[in-house]
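Dropping the structures in below, format is C-alpha cells.
Two complexes come next, and they have one chain in common, chain A, joined by chain B in the first and chain C in the second.
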Partner chain A sequence: MQVVANGVALGAVLFLMASGLALLLGSMGVLNLAHGAVYMVGAYTTWTLAISEGWPLIPAVLAAGAVCAVVGVVLERLFRFIPGKPNEQILLSFGLIYVFGNLAQVIWGPVAKTPFDVAWLSGAVHVGSVAIPANRIAIAAVGFAVALLLWVVQDRTRVGAMVRAGMDDAEMTRALGINLDRVVLAVFVLGSAVAGIAGGIGGLVLGASSSQPMDVLLLALIVVVVGGIGSVPGTLAASLVIGLLDAYSRYQFPAMSSVILYLLMAGVLVLRPTGLSGRTA
Partner chain B sequence: MTTRRLLFAAVSVLAMAAGTACSANDTGSTKGGEVVIGLVAPTSGFAADYGPQAAQGLQLALAEAKNEAGGAKIKLVKVDEDVLDSSQTLERVKKLVESDGADIVVGPIFGSNQQAISAYLTQQGVPMFTMLGGDAALAGDKSAFIWPAADKLTAAPLGTYAAEDLGYKKIATLAPDYAYGHNAIDGAANAFKKAGGQVVQQQWVPLGTTDMLQYATGLDKSVDALVMWLVPTDAAAFVREYRNLGIKVPLLMFQGIFDPTFQAVGGQLDGVVGLNEYNHLLDFPANKAFTEAYDAKYHGIPNQTTAFAYTVGQNIVTALNDDDADTSVKALRKALDGKKLDTIIGPASYDSDGIAASNRTIVKATKMGTRFEWEPVKTYENVGH
Partner chain C sequence: MMRTVIRRLPVIAVIAIGLWLPYALDSQQESLVTRALIFGLMAASLDIAYGQAGLYSLGHAALAGVGGYTAGLLMVRYDVQSFWILVGAALAASAVASLIFALISLRARVLYFILVTLALGQMVSNLAQQWDFLKTSQAEAVTGIVMPDLGFTMAWNPATTLQFVVVVVAVAMIVIQRIIGSPLGLAFRGTRENEVRMEALGYHVWRYRVAALAASGTMCGLAGALFAFHSGLISPTNVGVAASGVLVLMVIIGGSGTRYGAFVGGILVTFLQFYAADWSLERAPLIIGTLFIVTALLIRFRPRAAAGFKAVFDAVTRRKQAAHVAA
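And now, the complex of A and B:
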C-alpha cells in the first residue's frame, strides 16, 4: 500500500509537470520544449516569494502562475515568427532551455534550492502502516483541481470549443469570425500559468534548480507520449500509471527502475502510438 | 607522390609524434622557468559553483607562494569542466596541454571526467592532482595524485565509528548509483562489517532521480542507523521526506550537507552524526591561517572545494620546491612520497603511488549562534593507507 501511495503522489507531480505541455501540443499543435523552463520559473518565483520574502504559500504559487502567464505571452509572440514550422519551433524552444537555465543561474545562483519548507505542510498522514507526507497530499489536491479545471475549460466551455475547432480546421474557424490568434494566445497563457503553478507547488518536494528545464521536459514528454496528446483524462491517467510503475519498480527492481519508464514509452510508441487517450494532433 | 613515399611520410610523422610523447613522459620541462598549472573544474551548468570555488583556493595557495616554486614562476590557466560530456572535457584538456602548455593539471572534480582524461594525461606524462578524491586505479602506473584519499577508503571511519563508538549492530546504506557513491559508501559498509556489524540493506539511487520519497519509505526500519551519502540538494530532499514521515532511525551522513544547503535545512539535522573530510572549525594552525586568509580576501567561510584546492596547491608548491620545479610524474612522486605534509586537516602524506592519507573528522550537526555547524567530535588519522 505504501508503494501505491508513493506512486499516486508521484503521479500528481508528473501530471502538474505535463499538463501544460499536453495542452499546448494537443490544442495548438505546438511542441514547446521550453515548457520545463517555464516550470522552473514558477519554482524559483515561488521560492523567492514564499521562502525568501516570507509570503504565504498559496499567494506565492498563484503569483508564480501569473509570472509564468506573462512568460507565456512572450513565448507566444516568439512562436508567431515561425507558425506551422515544427522543426524551427523545436530548435527555438530547445535554445530557450539554455537561455532560461543560464538566466536562472545568474539570478538565483548555481546551487539548487532545497524543497520548500512550509510549516503547515510538514509531517505526514498515517493510515495503518501507510504514511503519506502532507505536502504530497497538497500536491495531489492541486493536481486534481488543475485536471478538473483544464477538462472543464477544454470540453465544457465555448472557449474550449473554439480551441478544438481551430485545431480541426483553422481556416474554417477563422471564416466563422473567430479570432484564432487570440485563442492561441489564451492557450499559451493558460498552459504557461499551469506550468508556473506546477513549479511552485512541485517545489514542496523538488525545490528549484537550473537543471529543471531538462529534467521536467523529459518526464513531461514521457507522460504526453503515454497519455496521448490533447486529452486531460489521458494525461492524468498516464501520470498515475507512470507514478505507480516508477514507485513499484524502485521497490521491486531498483537496478532497473531508471529504465522502466523508457521501456513503457517505447512500448506505447510501438503498440499504441496515439497513447492511452487515442487522440491525435 | 608514390604510395611508398606516402607511407614513408606517414611513418616519419608517427615516429616524430612518438618521440615527442616519449620526451614528454621522461622529463618535466619548465619552459624557461615557468610552470603552467591547469585547473579543470566546472564553471557552467548545474555544478558551476565548483570552478570558482576551486579557483579561489588554488589562487590563494599560489599567492602565498608568490606564484613561484623551485625557482620557476607559476602560471594558472582555468578550463571549464563539462560535467555532462566527458569527451568535451577531454578535448579541452588536450588544448590545455598542447596549446596552453599545462605542465600539471588540477582536477577535474567529477570521477567520470577523471577517468576520461587519465589515459591521455598518463600518455603525455602530465600529472593530474585531484582535489575531491578519485579512484585508486588512476594513480600508481597512471599519472594521478589523489587527495584526500582514494574513494574506497575515504568514508571508512564512519563505519568504524558506528560499530565501535555508537555500538550499532545493523545498518542500512543509501547512496547514488554511480562509481563514487558505491566506492565511498561501500568503504563505510566494509569498515562496519570489519568491526563486527551487519549491513542489512543497501539502496542505490539512480542518476536523475528527483523524488526521494520511495527511498525514505523503503528503509528497513529495524536497523540501528542509516549510513548515507547524497549530493547536498538530494540529501536535503531526502532528509525532508525522512522527517516528514517521522522516521526515528538515526542518520549517519558521510560529508554531511555542505553550505549553503546546510544552512537551509540545518534545523532538521540537529544532532545528526557525520564524517567530514574538511571542516572549517578544525583546530589546526594551518586551518586557522587558511580560514583567516580566506575571510580577509573573500569575506566568508571556505567550503571543502576551496579548502582542498588550496591544499593541493600547497602540496604542488611543496613538491616543486623539493624537485627544482621538475613537473614530471616521476619527480613529483619522489618528492611527495612519504613526505609529512602539514595541511589544513592535519598531518597528511602521499604514498609512492601518489595516493594521499589524511585525517577524517566525526562531526555532529549543531547550531552555534546563528549558524548551523558540523561540530568536530573525533579524529581518525592517516585514513587512506
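And now, the complex of A and C:
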C-alpha cells in the first residue's frame, strides 16, 4: 500500500515531466531535448521564491510556470530557425542542456537543493494502517489536475482540434487557413509551463539540481516511448505504470531498479512499436 | 599500380605525418592527439549509421563502451594481455550488442528512433553503474587497464602509444572507407534518401539498416577498446547519453554523410573540449554548449556542412562522393 502511494505520486511527477515533451513531439515533430532544462528552471525558480524568499508554495509554483512559459517562447524562437531538421535540433537542444545546467551552477551554486520543505505539507495522512505523506498527495493532486486540464484542452476545445489536425496533416491544416505557427507557439508555451509546474511541485520530493536537464529528460523519454505521443490518457497511463513499477522494483530489488524501466520500454517497443496509445511520430 | 600509389598519396602522407608527430610534441600533447584520433575513429564509425544510412542514433557511446568494457574487464579480471585476443573479443561483443541494439531500436522510426537509442544508451550506462561485476574499484569504474601485449616487444610510452594508435586508426579508417565506397555503402545512402524507392528496387531496407548499425557499432567497439587502453579506465560516464551526444556533435560539426568529415569533427571537438577545460574546468560546458547552439543556428546557411572549416574540405569530399554515386 505504501508502495502504491509512492508509485502513484512518482507517476504523477513523471506525467508532468513527460506531457509537455509528448505534446511538442506530437504536434510539430519538434524533438525538444531541452525539456528537462525547462523543468530545472521551474524547480530552481520555485526554490528561490518559496524557500529563499518565503512565498507560499502555490503562488511560487504558478510563478515558476509563468517563468517557464517565457522560456518556452524563447525556445520556440530558436527552434523556428531550424524546422524539421533532426540534426540541428539535436545539436541545439544538447547545447541548451549544457548551457542551462552550467548557468544553474553559476546562479545557484554547484550543490543541489534538498527537497523543498513546506510546513503545511510536512505531515502525513493516515489511511487505515498506512501513512501517506501529505506532499505526495499534493503532487498526485496537481498531476491529475493538469492531466484533466490538458485532456480537456486537447480533446474538447477548438485549439486542441487545431493541434490534433496539425499532427495528422500539417500541410492540409495550413491550407484550411489555420495559422499553425501560432498553434506551435501556443503548444511550446503550454508544454514549457507544465514543465515549470512539474519542476516546482516535483521539487517537494526531488529538490533542484543542475543535473536535472539530463535526468528528467531520460525519465520523460521513457514515458513518451511507452505511452506514445499525442494522447493525454496514453501518457498518463504510461506514467502510472512506470511509477508503480519503479516504486515496486525499488522496494523488491533495489540494485536493478533503473534497468527495469528500460527493459519495460524495450518490451513495449517489441510488442507495440507506437506505444500504448498508438500514434506515430 | 603507379596511379593507385599517386592517388593514395595524400592518405599515405597523413599517416606518415602521424607517425612522425611524436618527434615534434611533448608527452601531454601526444596523449591529447592520441585521444583525438580515437574519438575521430569513434565519430567516423558512428557516421556509417548516422550520416550514410540516416539512422540518427544517440546511443553509440554505449556500443563503444561495450567494446571498452569487454577489453578492460578481460584484462583486469581475467589477466588476458594479448592485444589480438582483447580486440577480437571487443569487436565480437560490440557486434552482438549492436545487433541487439538494432533489433530493438529499428522497431521505431525517425524521431522516435532517436528517443529509443537514447534510452538504450542510458540503460547500458545504468547497468555499468549498478552491476558490481562491471566495477573493479570503489570508483564505480574499471580501472588498472594498461596498454596490451602485441606479441612482440614494444616499450609503451606516450610516443609509441601515439604511433600505435595512428596505425590502428589508419587501418580502421581504410576499412570504413571501403564500406562507405562499396555497393553496400551506396545502398545505405539509398535507404537514407528514399526508403520507398529502395524497397521498390528490391532492396530489403530493414536488413540494410541492421547492417549499417552493426558495422557502425562494431567499429565503435574497436575505438572503445582503444579508448580503454589509452585512458587506463572506463566508467559509466564514458558510455552515457552525454557521451553519445558529444559523438553526434562531432559528426554534425564535421559534416555528416561525408567521407572524412566525422573523423575531422571528432578530432576538432576533442581539442576544443581539452582547451575549454584547460581554460576553466567549471565553465567548460558553458563554452561548449554555446558553440553547439551557435553552430545549430548557423548550419542552415550551409546545409549538411556545419563549421566554417568544412568549406575547405567540401571541394574534396563532395566531389569524391559524387564520383562514387555516379560509379
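The rule is simple: the second predicted complex is superposed on the first by the 281 of 281 C-alpha atoms of A that agree within 3 Å, B and C clash if a C-alpha of one lies under 4 Å from a C-alpha of the other, contacts with A are read in each partner's own complex, and residues count from 1 in each chain.
Definition applied: a residue touches a chain if its C-beta (ideal position, glycine included) is under 8 Å from a C-beta of that chain, and two chains touch if they have at least 3 such contacts.
In this text the structure is predicted, and so the values were computed from the model without any measurement.
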Which of chain B and chain C A:82 touches, first, second, both or neither: second
Touched partner set for A:233, first chain B, second chain C, both or neither: neither
Which superposed partner A:25 touches (first chain B, second chain C, both, neither): second
Touched partner set for A:97, first chain B, second chain C, both or neither: second
Chain B versus chain C as contact partner of A:105, first or second or both or neither: both
Partner chain(s) touched by A:221 [first = chain B, second = chain C, both, neither]: second
Partner chain in contact with A:269 - chain B first, chain C second, else both or neither: second
Contact residues common to both interfaces of chain A (with chain B and with chain C): 102, 105, 110, 255, 258
Residue ranges of chain C in contact with chain A within the complex: 56, 58, 104, 107-112, 114-116, 118-120, 122-123, 126-127, 130-131, 241-242, 245, 248-249, 252-253, 256, 282-283, 285-286, 288-297, 299-300, 306
List of chain A residues in touch with chain C within their complex: 25, 29, 31, 78, 81-82, 85-92, 94-99, 101-103, 105-106, 110, 214, 218, 221-222, 224-225, 255-256, 258-259, 262-263, 265-266, 269-270, 273, 280-281
Contact set on chain A toward chain B in their complex: 2-3, 6, 9-10, 13, 102, 105, 109-115, 117, 122-124, 131, 133-136, 205-207, 209-211, 215, 219, 246-247, 250-251, 254-255, 257-258
Complex interface listing, chain B residues touching chain A: 44-49, 177, 203-204, 206-211, 213-215, 217-218, 232-233, 236-237, 240-241, 243-246, 260-261, 264-265
